[in-house]
Every structure is written in C-alpha cells, then in structure tokens.
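Both of the next two complexes hold chain A, though its partner changes from chain B to chain C.
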Partner chain A sequence: MLSRNEILEKLKEILVAMDPSKEGELDNVNESTRLVEDLGLMSISLLFMVVSIEEKFNVELGDVSVNDFVTVKDAIDHIEKCLK
Partner chain B sequence: MNNREYFAKFTDKETFSKIVEKETIVEMWEMVRKNYPHDVAIVDDGVSYTFSQLDEDMASFRGALKALGLTKGDRVGVYSKNSYQLVKMYLAIVTSGYVAAILPAHLDDKTLFGVSMMFSLKGLCYAEDMVDRLNVIKAMNPNLKLLSETAKGEKVEMDKSTKGSDPALIMFTGGTTGRSKGALLSQEAVMQGTVNGCYGVPSVFKQRYLLILPMSHVFGLIRNVMTSLYTGSSLYIVKNNKDMFKDIAIFKPTVLVLVPAIAEMALNLSRQFKKNMLGEDLKYIICGAAKVAPYLIKEYKKELNIDLYPGYGLTESANLVSGNPDQFNKPDSVGYPYPHQEFKVVNNELWIKGKNMMIGYVGDENANKEAYEDGWFKTGDLVRFDEDGYLYITGRCKEIIILSNGENVSPQEVEVYFNALPYVQDSQIFEDVDDSGNHFIALEVVPRMVELAKVDEIDKMAFLMKELYKVNNSLVPYMRAQSIVIRDKDFDRTPAMKILRYHKC
Partner chain C sequence: MSWWLIVLIVFIGFGLLFILSHYYVTYLIFTKFFKRQKNEKILRLAYHNLNEEQTTYLKESIRELHSHPHHEIKIKSYDNKILVGDLYKNSSDRIIILFHGFQADNYMNFGVQALYFLKHNYNVLIIDERAHKRSEGKYITYGYYEHHDVLSWIEYASSLKDIKEIILYGISMGGTSIALASEKIKENKVKHLIIEDAYTNLEKLADNIATTQHIPFGIFKRELGFYIKHLSKTNWNDIDTAKSLANNKIHTIFVRSEKDSIVDISFFNDNYNNCAAKKDKIFVPEAKHAWATLYGKESYLNELNKYLGENN
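Now for the complex of A and B:
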C-alpha cells in the first residue's frame, strides 16, 4: 500500500506529463494545492488527470466526475480509497 | 463541377452512389428502418437497440406526444443527458411534425424555465433523473405539457406530410453576438448537415461511432448521432467522459467525432502510456467545433496511423459548412465547402446562404437583425479561400471566446454574474494565454469602493476576492475564470464609455 506521500509523487508525475513546462512549479505542490485556481487546470486537463490516475495506479475510481477533484488532497483521498 | 462531385474522388464509386440527399428526417428514417432493421443502432448502458426497436419505441412515444394535444409546428423541449431515450424522444418529436428544442443538460431549474418561455415551448420531454430540476418550471409555467422519457402511447406513424422547409429543431447557442438564444433549423437543413457528414471519407456506411459530445451541441447531434443513424452505423453512448477509453476498449469504434482538446488529450495519453488509447480499429477522427492544430493531423497519422479530418461549422449552419479531405496537403485549412451553399467574403468576414442555414434565431429578435444582411448570414469569422477553393479561418470579428474543448463562452453573459455583486463596478472576461501557450479565461474587476468601504472586514480586497471566487465556483465549469485580478483603476473606455475589450489572443 502506497503512503500518501508516494501517491503525491506519482500524482506529480501525471501533472508533469500533462504540462512539462510546469515541472519547476510542481515542486511546491502539496495536499492543499487547488487544481483549478493554483495549477490552472481546465476541465480537459482534469479529465486527463482522472484517466491517468486510473491507468497509472491501476484503480477504478467509479462514478466520479472531474468536479469532485478540487484539491490535490481530494485526488489522493480517492486514490487511497481505491487502493485499500 | 459542383461541390458534391468534388468529394466523389475520396470515396469509392459504389459507396458514393449510396450517399443520397434527403429532404426530411421522415424520409431518412423511412430509408434506414427499411435498410437496416436488424442492425444495432444504439448501445446505451450495456443494452443494444436495433433500428427496428428504435423505430417501435419512436412510434410509441409519438403516441404519447399526440395524447398531449399538441399541434403541428409546436415546439417541444427535450431535457436529458445523452442516452438512448434522448435519441428516441428527439426523433419522435421531429417525425411527428413538431419542433424539438434540445436543451443542454447542465441548465439549472431557473434557466430551464427562462428558456421554456424564450422558445415558447408547448411541451417538455424529460429524463427521469432530471425530475428534481422541474419544480420551478412546474410552478411558473403550468401550461407547459410535461412528458417523461418512459411515456408510451398507442403507436403512431410518422407525419408523411412533413416538408423540407418545415422547422425541425431549435439548438441552444450564444450565436455570433453572444446572447443565449435558439437557432431554428429546418428539416432540410438538418438533413443537409447529416449527409454532409458522409462526404470526403473513404468508408461511410456501417461504421461504429462513439458519442462523447452532448447532443445539445450540433456537432454531437448532427455529425455524430444523425450521420451515424443515416449510414446504418452503430452508436455507443459514453455515460461518463472519464470512462471513454474503457468504452473504446469494449466497443472498438471506427470513427470518433471529437473536439480538438479531447483529440489532443487522447494523443498525449497514448504517448504517456505507450499504447493506442483509441483502439486499433479506429480509422478516422472527425475534429471540429474549435480550431484544429495542424500538428495533430500529422502526428495522429505518424504515431497512430489514424486520419484526422478537420472541419468547420456553426450551430446556425446545421453544423457543417466545410470538411477537409485533403488534410495532409492542406493541414491549415478547414476544408472544401459542402454542397448547396453560397459564400461571399465581405471585409474578410464569411457570409453564407444555403440549404443548411437556419431559418433564424428564436428568442432574440434583435439578433436576427444583427446577423443578416440582404439575406446573407454573417458568420463573424474572418476567412480566406485558396486557389483550389479551400477555406481558411483567420480570426473572429465578434466577441465570443471559443475554447479548445469547443465550448463557446460569451464574455457578457459571464460578466453579468460578477457585476451582480454590489462591490463590483465593472468587469471584463477575456481569453488570455500563458507563457507555455495555454489559453484560458481570465477576469479583471474594477471594485466599487463605496460599497466595499461599508464591509466590516480589515482586508477588503481579500474579502472581494473571496466573493469573486464564490461566484466563479458557482458557474458551469467551462465558464469559470482561471485567473482573477482586481484592478486599481478603471478600464480604458470608448467615447461611448463602453469597455475597450482586450484582444490578447
């Protein structure tokens, strides 16, 4: 079972894959980082993130919508729940 | 050579001869139910529906509509997310002589009521999972006849007296001027748009389509659903966009109708996970509703051997104006014009007349005056044609922001929400671009200091920012600003004191 920190690191890899130009900025990402307001993600990027999470963590997030992910913490919570 | 003949060289002779133009949706349905009765028309929630089954369900729903006491030409709203039932309700309405208004499923209860008045709806067909949002409309518009998607009546045949010039459909749009309204499309306009979808690709009939776009958007309804039905293809309805790649793995589509942002995302995901996320059976991507970057055409071919066809269309033109069958030689072009249209370029702006063009706007009489001149529809798009007759979009002369996911955002419509705050003097929504070239919606606000001074908060700007974000978060996600700035001085203004709008992109 991955720790929350390990999940966060993998999540950062997804965020870098989405926009490699933001790699430097992502060092400061933590659980309270807001996906839309702080990272500038748009609905398509959120969709990219959700699909990537399922592929990368090999999990099924179930009937979630991209609007369920407001902060990095929300994403980690969902992943952690699926990994249990 | 007319425009139809131009497209003949991209499809084999036998297939091309089967692309027959139809005047009405009734005629089209007569043809498909005869040609493909036992083929699968729709797959929804794991259930496959044949053309025959859909035909019977339409007939039964026509009976339920008739029992409401509607008369020919009455307007009937359809309020549902994408589903088999939505396809059935829409087809039953337009083959009964009524006019279907496909309402975006994200409309809230108050807007739904407003739209029912604006479009003068006589009836509203709704999905059962939308019932909670009908309370306002029930209370405020008691004469509106409501019909559940599950309603059944005695089977009623199609209205064979339907003519090509009869109104068939109202599509919700911001239009070229930005205010929400409906584009009223005739039966022949819908059919022209449907058949246009067959031109310029090698394989046309008996394909497997996936429906990702909402049916309340013409690209989803006409190029995706209608062309799929016309060609006897099967249409798989994606229920949650996040599952689209799992659905692709199950259904193995041969054609996808995508906005550029989704096409780009799918390519990036394929690279990241080193596999073709769109499945090995996919031959074509029909891409439109926003600008298609030429690199997508080249890289899809190179990396996944998929042909991506860009095109151009408007809600007002029943979606399709042009499509590009020569995309590798002319990747910047939105294509060659489809048949039965006339074009005029005035001060670089494209003006159109044609069989596929709308009858007019509904719900905003002034919009018709602004949109037409001497019978020509003024698109608001700046264009040029090359020596081969291919069309290129060079810019916009209106204030609509077209996002890469195909959503149109009218700045004025979004600003209304922020201007409603007593602490806001004025606001401007605009499209901006960051250092990496990503486009986004931005908001700048001029505070109303008199009102803000009354607020019992030490940091008044922080308070205002919090209020602005509250409003922002209450908006439909695609309308939300990604950046909010509070200005310390007024905007530059025209002599008439209108805001001088930014044009950063």
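Now for the complex of A and C:
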C-alpha cells in the first residue's frame, strides 16, 4: 500500500506530464492545493488527470464527480480508498 | 367538540399532508432532472457499462486531444448567461460545433469525435451546455433554452476569421436543441446538421422512460409541469421538433444507436420523417444511447465524414 506522500509524488508526475512547462511551479503542490483555482485544471485537463490516475495507480475510479476532486487531498483520499 | 368535527379535521389534515408531500416529492424529481447538479460527474465510464476496448479508445482519444492546443471561449447567451467552450483551431475554413447531452460531460460525449474531426482538418468547438460545468444557468430545459444557445454559438463561429462552413453535431439533448434551432438558422455558412439519438418531444420522452422503468409518471406529470412552468419557465410542449424540422432547409444526418433504450426508435423515425431538408441516416449496430462513436468507431466517423463531403 502506497503512503500518502508516495501518492502525492505520483500525482505530481501526472501533473508534470500534463503540462511540462509548469514543472517548477508543481514542486510546491501539497495536499491543500486546489485543482481548479490553483492549478487551473478544468474540463479536459481534469478528465485527463482522472484518466491518468486510473492508469498510473491501476485503479478504476468509476463515477467521479467534480466535488470528489476539489483539492489534491481529495484526490489522494479517493485514490487511497480505491487502493484498499 | 363533536366527533364528526374531529374526523373532519383529521381527514383534512391527512389530505393536506398528502398534497404537500406529493408536491415535495415532485420537487425532488424536478431538482434531479431539471436543475444544475451540485456535484457534476467528470467520469461516468462505470455508469455506461462500456467494455474495456471502448473505454481505452475513449481514454486514448482524450489523452491525445489534451495534447492539442486549445483555448477557452466565453460568449453571452440571449438571456445574459455566460456560455463556455473550448476551441481547437487549425488552418481550415470549416468548423464543427459539438453539443453534448443531458447531464453529460462534453469530452465524454465527444472526445473521440473531436479528435477525429481535428485530424480531418476541421476547427473544433466543444461546448458546455447551459447549467453544465463552466457554463452559467440554473435550469436544464431539454432543448428549449439550449436551442437559443445553438444560435448564439453559430453567431460566434461565423464571426471567426476565414470560416466558410459551419457544421453542428448534437447528441441526445444536444441533437434535440439543434433540431429545434434548425428552422431559425439564418446563417448560410451552416451547411450540415448531425443529430444523434435525439428525442422529439419532452413529454413523450418522460412518458417513455417512465414506462420502461415502471414509474407511474402520470401521478407526477401535472405537478412537474407546474415546476417546469414556474421555475424553469418552459412548458412540456415547448420542446417539440416536428414543426422546426418541417421548416429546416439545411442538410441533416440522423444517427441512430441501434440499442438505444432511452430514446425510442419512434423518435428517430419522427425526426427523420418530419425533416423537410435533404437528409441521410446512419444506423450504428449494437450501440447504446449516445455511444454511436464508441460502437461504430472509425467506420462510423468515416461514413459521417463522407456524407459531409458529398453534400457540399
């Protein structure tokens, strides 16, 4: 089972893959970072992130709603739940 | 107090309680089906029971589409709502505008098609319907207000430099919105309409779904009509494509997902038969509602593209 820190690092890898030009900024990403307001993820970016999480963590998230992914913490919680 | 007065008060009390709870339950139904959802879905793969191959196909298209540069477009609707979409530009003089279905995600409905048309030299504009995701609006009106939005998006697309040809593609509610808008389209750059799994009439659709789900729609219909009229400011019969398609003059392709269990085949036949313009139809075997592309894949999209090319 991955620790929360390990999940966070893998999430950062996904975010860098989505937009390599933001690699420097993404060093500061922590659990309180907001996906839409702070990282500007919306529409296809958010969907892309969800799809990448499924692939990277080898999980099936199934139905995912906007409120499930407000902050990085929410994403980690959701992934942790799927990994159990 | 005499006994009959007590009986009367109890009787009236129960009656009032029954009426109030009936209106309350109907209001809950109204909020579920006619109001913007507080927690909108991003991903609904599990819900739609797609198989692994279809899921991979969709995910890979989304992944590839994400790598194409695009920018967010905002326009104002005729009733002053901000409507939002994503524009994928290339150097072509034609643009396809994609209108998704009820409570759907634009990229879940159109991720594959958007990528296909971008690769086949179309500019692609993929929009969030009103009361969905980034677009403003409190109520979903199954095509009534949305068909005015279709006209607003046409106005935006026609203002883009070098655009000579506009194509509209809608799935389910998006298709019905295009059908309703068809008689009002004055812009002669609009050359083709693609209408996939669209219903003709909201009341008939609700009746149909309720029958297949064994829900007694009749006992809620009048009160639901009350909320539709007073809150979302439409009526059951505002959404009816028969008249608009009878006055349509734009080439239209009707797409039918063979195993659509939500929009009955009779809606497809009525839409097709009522359409006065030049028309074509495509059947996609085995496809479920709104998934013609994930079942028909490249061969379906090639057929669609062929019709677009032949009818210029």
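Quick notes on this one:
Keep this in mind: the second predicted complex is superposed on the first by the 82 of 84 C-alpha atoms of A that agree within 3 Å, B and C clash if a C-alpha of one lies under 4 Å from a C-alpha of the other, contacts with A are read in each partner's own complex, and residues count from 1 in each chain.
Throughout what follows, contacts are C-beta pairs under 8 Å (C-beta built on N, C-alpha and C of every residue); 3 or more make two chains touch, one makes a residue touch a chain.
Just so it is clear, the structure is predicted and the values come from calculations on it, not from any experiment.
If you put the two complexes together on chain A, you find that chain B and chain C bump into each other. In the superposition on chain A, A:82 makes contact with neither chain B nor chain C. In the overlay built on the shared chain, the residue A:69 is in contact with chain C alone; chain B does not reach it. By the touch criterion stated above, A:26 is placed in contact with neither chain B nor chain C. Of the two partner chains, chain B and chain C are each touched by A:47.
In the superposition on chain A, contact of A:2 is made with neither chain B nor chain C. In the superposed model, A:37 makes contact with chain B only, not with chain C.
Put simply, of the chain B stretches 311-319, 365-373 or 419-427, the part that bumps into chain C is 311-319. Overlap of the chain B and chain C interfaces on chain A comprises residues 18, 42-44, 47-48, 50-52, 54-55, 61, 63-67. Only residues 18, 42-48, 50-52, 54-55, 60-69 of chain A touch chain C when the two sit together in their complex. Chain C makes touch with chain A in their complex at residues 38-47, 59, 62-63, 65-66, 70, 72, 86, 105-108, 111, 128, 133-134. Against chain B, the residues of chain A that register as touching in their complex are 17-19, 21-22, 36-37, 40, 42-44, 47-48, 50-52, 54-55, 61, 63-67.
Within the complex, the chain B residues that touch chain A are 240-242, 245, 261-262, 265, 268-269, 272-273, 403-405, 434-436, 438, 440, 469, 477-478, 480, 482-483.
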